[in-house]
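Here the structure comes first, spelled out in structure tokens, and everything after it is commentary.
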């Protein structure tokens, strides 16, 4: 099923198996690569410009000497989608992964046959891979688990820069996978003890009708997070604020949920096994998700449930226990 | 000159240009790869087992399901050296880079044609690339620059695990490159304000005849560091201790130096431009380096100077300003 | 005078001297007991439901397997008041203490004759005991003393959970009692250096007409605090905000005051002996207290002054220097 | 079986069910009680004076105005043991719990019929209760679980003072009980990220023949810890040091173990599920435990195994999942 | 040119060379002196009362037993200006420096001939000295450099008190002077990693039309900062907020600028060499500065440029590389 | 009595009343002055070279461009003593204060008549002033008071550099002066909660025969501290170590004392009012002080007592409550 897909690599469309990076690349030496992962609704990319805008913030701060503009990247994204679209099942959505690395470290630039300069790579694969098995979470909700692994503070290694130096997210996922029960997703505190984020998602609570989310400091400022705060809540007249919150605030909230690009929003019904509010999926969550579905013309939860029913995760061999859900 | 070298990749020896990692590999997703970089003296690998031992500590803690033993890795290293040895100039030394990644993320394991399971890669290239331009530093010494970028504390992302989630080292190098003058190498404080390490080297001071180095906490515990402490100092009867030190201790030290696998030891003669001791290369440093040279049968500084004189960094196009010197 | 009072203990009303907890109870092993302390105005309990609501937040987070509902607790409170009311002097108010512990540790549950399961205890005694000697503070104000003992951060042991693991409050009281002069009450900074709270009271400043109180993070979120912010200030049209404040903000404020259940509000006229504003009781404080008195039909300060004039603290033997004033 | 035991309460021996504390006691108000828990070998108290010495350090620092001397307490302990000894099974050992609280808060001292002044309580019960079910751990070892709950730093609430303000230990136990698998014991990091202690035990590693344990800072300085360091290791000529250690040090250690009064020593064979050393019980552990058994004339592990075989934990109804093992 | 100026010293007007402080003064023993530095527009002091108000906050907190009122200080300022005015060039502005120290330490008060009690000193010199060479910065903008030297947190040594214990500002200036390129001004992070302030200036960013500046916590709350926030932005209808910001927020801002009394406002066009927004002087900055010029009747930038053109810094021998620009 | 003393000022000996610093000096702008204070025994300077050595460490790190050598300073010290010696009473000792400032800030260097370049000042006055009233402390001991004011960490403003940016020491003295009782001296914790130092003295405990003092990190490394550790303890065969200690260690120590240049050593008999050991002056203290007296030929305590008896502090008008005792 996946045969034939191509990946944009520095201006060329190459077979997916050829989308590889030299071991001498700074990305593989330092985790020195910025990236974005997007999704489509009805095959139309969603918030692509916002993703690319964030990508360029990282490029600028990391001083990657890229000679492409945001518009160039955007065109390359569309080119990649077009090249692959016919290979996707009719009910698929396009998930793009955009990677930009600095390229070869200086000392290896004398090696013949290796690409010089930054690498720009755009892969395109079915969104269903990423969300496999998540359909039921729209009903049951997630159990957020506060891990001993904490988020990194921005002054040391800024999570607002979406780089590949992020093994601590993986360590948090491993830790959460050790907890009894299902549907455990890691929730990281920052070094100040505030709720930060999940390992591929932003966290929200609802209290007395107000949507509250951690300040955009020791977290990735997710595109979905911004959409919920800046568009859905505005559209629905729901007040929304950024605020430092801690575990107590979550335990005593009325609702909680997570946002992430592939699944948009998922309810969080327990924290460390203790019910949040009634322990059921909340009304504000449902209202927001319904509006999001309406806005995009896709019933978001139903689409994922349908994928699970059809082939689900087994189609690709199943996720490892440490599967990561990027935003 | 570099044509023809081969790289060990999962049991195969492949051309260097083919030593690449899929964009779906956990290494490129999370910086989820442990690695080692070694050197030879007179073409004989030095402390190879110690490097492999540290590699396996990382594999164990990161829970990479590797089915090779340390002995397997060692054999593969020697196999790689043998395959390339004839291609090396007569005065070259072998620098090995050993990379172990977890392999494809779970959701991509259904893609045909991609290697399943962990990746083990061993590259072999001339050591002179890494040390290009360093010859004169044995005489002038380094200016250590304390950067605003600080080391990560072990409890957040342990620098004792030699992983690829390390873009902060690169950021520190960039920051140090902005300082006026030559020979600026970054020196990182840890979040407690103690001297931690350079971005590819361990730091030492000498005070009243005692060699002092930071406790092995928020640093990589370098193989060269261990050799200086556990073998050279013992051999020479020089007392050596681990201790928390800060900038004041460096400013008021008699000598300072850094250790790292490719260059072994380099003197640090100034801190933020202020002379340490006399501001000259110190006697203890010279004694240690001489002993190291005697032990290995290679005049370490002279060898690097000779390479610089012969072709130096220009042979490979020159290092970027952000060149990284791994241990 | 105190003879005859009864205490609700697990469904029974027992004499006050029998209101005791087994030494094998988790409360006495870990400080593992949540509690509330209330007061009446004109013998009517004030904000009882808010207190019980907070109690249940603690029960939930500490996972105490209690089989009573908030309504059950409320009924038990009223039952306890009724049983004791006739024994109270005509000018007394009812102060309730509600304690809920997890009960015996598991290893002691085989001992015959000990109550199994959580303990619920409700005591009822004259409010005048708690506020003995405070009458004059309404005129002179408190000298807030910043102690070296700091508040605990929520991520380590959350002060928002009103548990009995709180010996640090007592240590702060002891420390404040060592300072020269009268009317010294401890004011704790949190580990970030922000003003947190007193040892049984919340802290407020008034600046340019706005009432300001620390964010509800490393403090108990007092019921009186909520009443001032959410009801009195709203009723009076006084702007009120939560904000991180530090000693400088207090020194340069126009007024300051503390809130706590037994005394409602007390002015703070000096910080570490330095006058705040004019050093006199402030106008905003007086306005708020007057409104509170109007709302409840009790002249709050006058009532306490009258108690002091009548029998005062001597009636019960006098407070220790380390008397604690719970909210 | 437990019928008839008596407890020393302020000079009187009272039935165990009468060993209770007034709800107005500072112990139940603030966790303001210091305590010790001991054990016997062959019915002889072990290190009783060391326990009492530590008890008095807490009394002094907390300023509890006790009028008993250490010798008085020691006599009372022996008196309590004698009163109960005939009730113990022939293979039992005496576990004493010594509690000292400040007594009634000042405002309650006017209540008739309540004990005035500090409370001194000494209970005596079979050690087998505490160690029920631990017998097999001598073979399998413990899985230490690093919890998100961290130890408190000494500057905020000193764990070296053995007080009852310790609900965070209970929270850590609850957290560890949620992890998959058996034999999970909580291991707390301190706020600096160093290994601190378990919730009722001290932690040790063995590396290259040296026994290493965290510095005595953010931990209780256990009596068993002192015995291992100051007597057993000296007797056996095993080097022992205090040192800051972190998770990496444990993962790369040769062995690990915990010490605590009731069980003396237990092996720790995995950390967060990853094998330490070979993952088997270590040789240094075995040597130390054997020596301890020899010194006391009791085969420590065998005794506990025998208890488990005889009646085990079921005799007392079984521990809760949150059972706490005090030192 | 400077001959003849007089300085107010404890009620006397003395020649500038006689404006000196005893080596036994607390100011020279502890940095125990509070101060203010002002400027005039068209020879009229600007915000003099605000400066004096802040001065008295410091006097109060440091408990300097001064017997002058704010009005007394204000009169003394005017007296000093009048005494010197005729000596100033026609295009000069008056820069006042007001110093208040505690006076002689107690042990030196027996020395005859030394002033007893606090010292009050008011110097008056041409503003052009301070701003020499800054004219071109209005066009090029400043490169803000984040130094490894961090701001002090308020709980340790409060930067909101404008005292002379501030050598860390000087150290930061020295550090910034080592960076390559021109126009480098130090920008300090606080210990939490938030942007704090420059060494003599407050920092602002502009994002999406809103002016944002760090919370007034670990910074001096500048008079110019208050003027921008409380008057200029209000006058112009530009929204302005205080908020914790970090380097990422600056890198991704649309504009940035600094404020300080002598130069009012200067644009910051790069951070660590990376362009902020377009890297040009921003529109909001220009609007604010224009309004400030209009309000005061002085073209602020032009005035400084004119001074630079006329005699510039050379007139006074030139600033050291570590010149400090007080607010 | 003090008439006639002269002070060394930049090569000149001037009357004490003329020893003054321009208000434009960096010392008065930034606390940018390093200093030393010494004492004599029998009119012979003690450890003068050690003081000067430390002075030059500060000069080097602060980059003060001084053109005098340590030998120059030493000569100037002796010259100053000689010039004043005849004016001293026969039982006086010489206390020197050596101040080195950077000199005028750059912008003021155009002012005629002001000294250009660094200022070097050496004052010489009777030691008895500094130690007035301390005689009885050798018998009663000091009550060390842990203040809420904490020591600054070396990474922010290094206390090992003896500069004049030290108003926090004064604030701590003020705070300690507010505590009830006599003989209260401030004892500062560092931000990690470890015991650091007094405001003019180093702190020691004695435990089981070993002398223990905080690591030389967030403290001034006193000359007297070094003498006790490196000479007296060695001479007497008393083991001495540097170690992180906290309040618990002090409470449970056998003895405690402070060291400082003017008084050499003083016993600390209580901490926050709680007796340390027996609460009496300890044997190790007495042994050390006796040896010090023997080594110098002066009975240290007796000399100070004699001064107190003769004229004491009244001779110079008495210390303020905030008197500072420099080392």
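Residue numbering begins at 1 within each chain, and the chains themselves are lettered A, B, C, D, E and F in the order written.
The definition used in the following text is that contacts are C-beta pairs under 8 Å (C-beta built on N, C-alpha and C of every residue); 3 or more make two chains touch, one makes a residue touch a chain.
The model shown is predicted, which means the values in this text are computed figures rather than measured ones.
K.L.:
Among the other chains, which touch chain A and chain C together?
P.N.:
Chains that touch both chain A and chain C, as defined above, are D, E.
K.L.:
How many steps does it take, at the fewest, to get from chain A to chain F if each step moves to a chain that touches the one before?
P.N.:
2
K.L.:
Roughly how many whole angstrom separate the Cα centroids of chain B and chain C?
P.N.:
Those two chain centres are 59 Å apart.
K.L.:
Find the geometric centre of each of chain B and chain D from their Cα atoms only, then give the gap between the two centres in Å, rounded to an integer.
P.N.:
It comes to 45 Å between the two C-alpha centres.
K.L.:
How big is the gap, in whole Å, between where the Cα atoms of chain C centre and where those of chain D centre?
P.N.:
It comes to 33 Å between the two C-alpha centres.
K.L.:
Which residues belonging to chain F are in contact with no fewer than two other chains?
P.N.:
As it turns out, chain F has residues touching two or more other chains at 63, 155-156, 189, 192.
K.L.:
Based on which chains touch which, is the overall arrangement a line, ring, star, complete graph, or other?
P.N.:
other
K.L.:
Please list each pair of chains that are touching.
P.N.:
Pairs of chains that touch one another: A-B, A-C, A-D, A-E, B-D, B-E, B-F, C-D, C-E, C-F, D-F, E-F.
K.L.:
For a test of understanding, state which residues of chain C touch chain F in their complex under the given definition.
P.N.:
Those in contact with chain F are residues 146-148, 175, 178-181, 189, 272-273.
K.L.:
Report the residues of chain E in contact with chain C in the complex, numbered from low to high.
P.N.:
So the residues of chain E touching chain C come out as 57, 60-61, 63, 153-156, 158, 160-161, 192, 215, 217.
K.L.:
Quick one: in the complex, what on chain E touches chain F?
P.N.:
1-3, 7, 16-17, 19-24, 26-33, 62-63, 97, 99, 105-114, 121, 123, 125, 129-130, 132, 149-150, 152, 155-157, 163-171, 174, 191, 313, 315-320, 322-324, 326
K.L.:
What residues of chain A sit close enough to touch chain C in their complex?
P.N.:
Within the complex, chain A contacts chain C at residues 189, 192-193, 244, 246-248, 251-252, 274-275.
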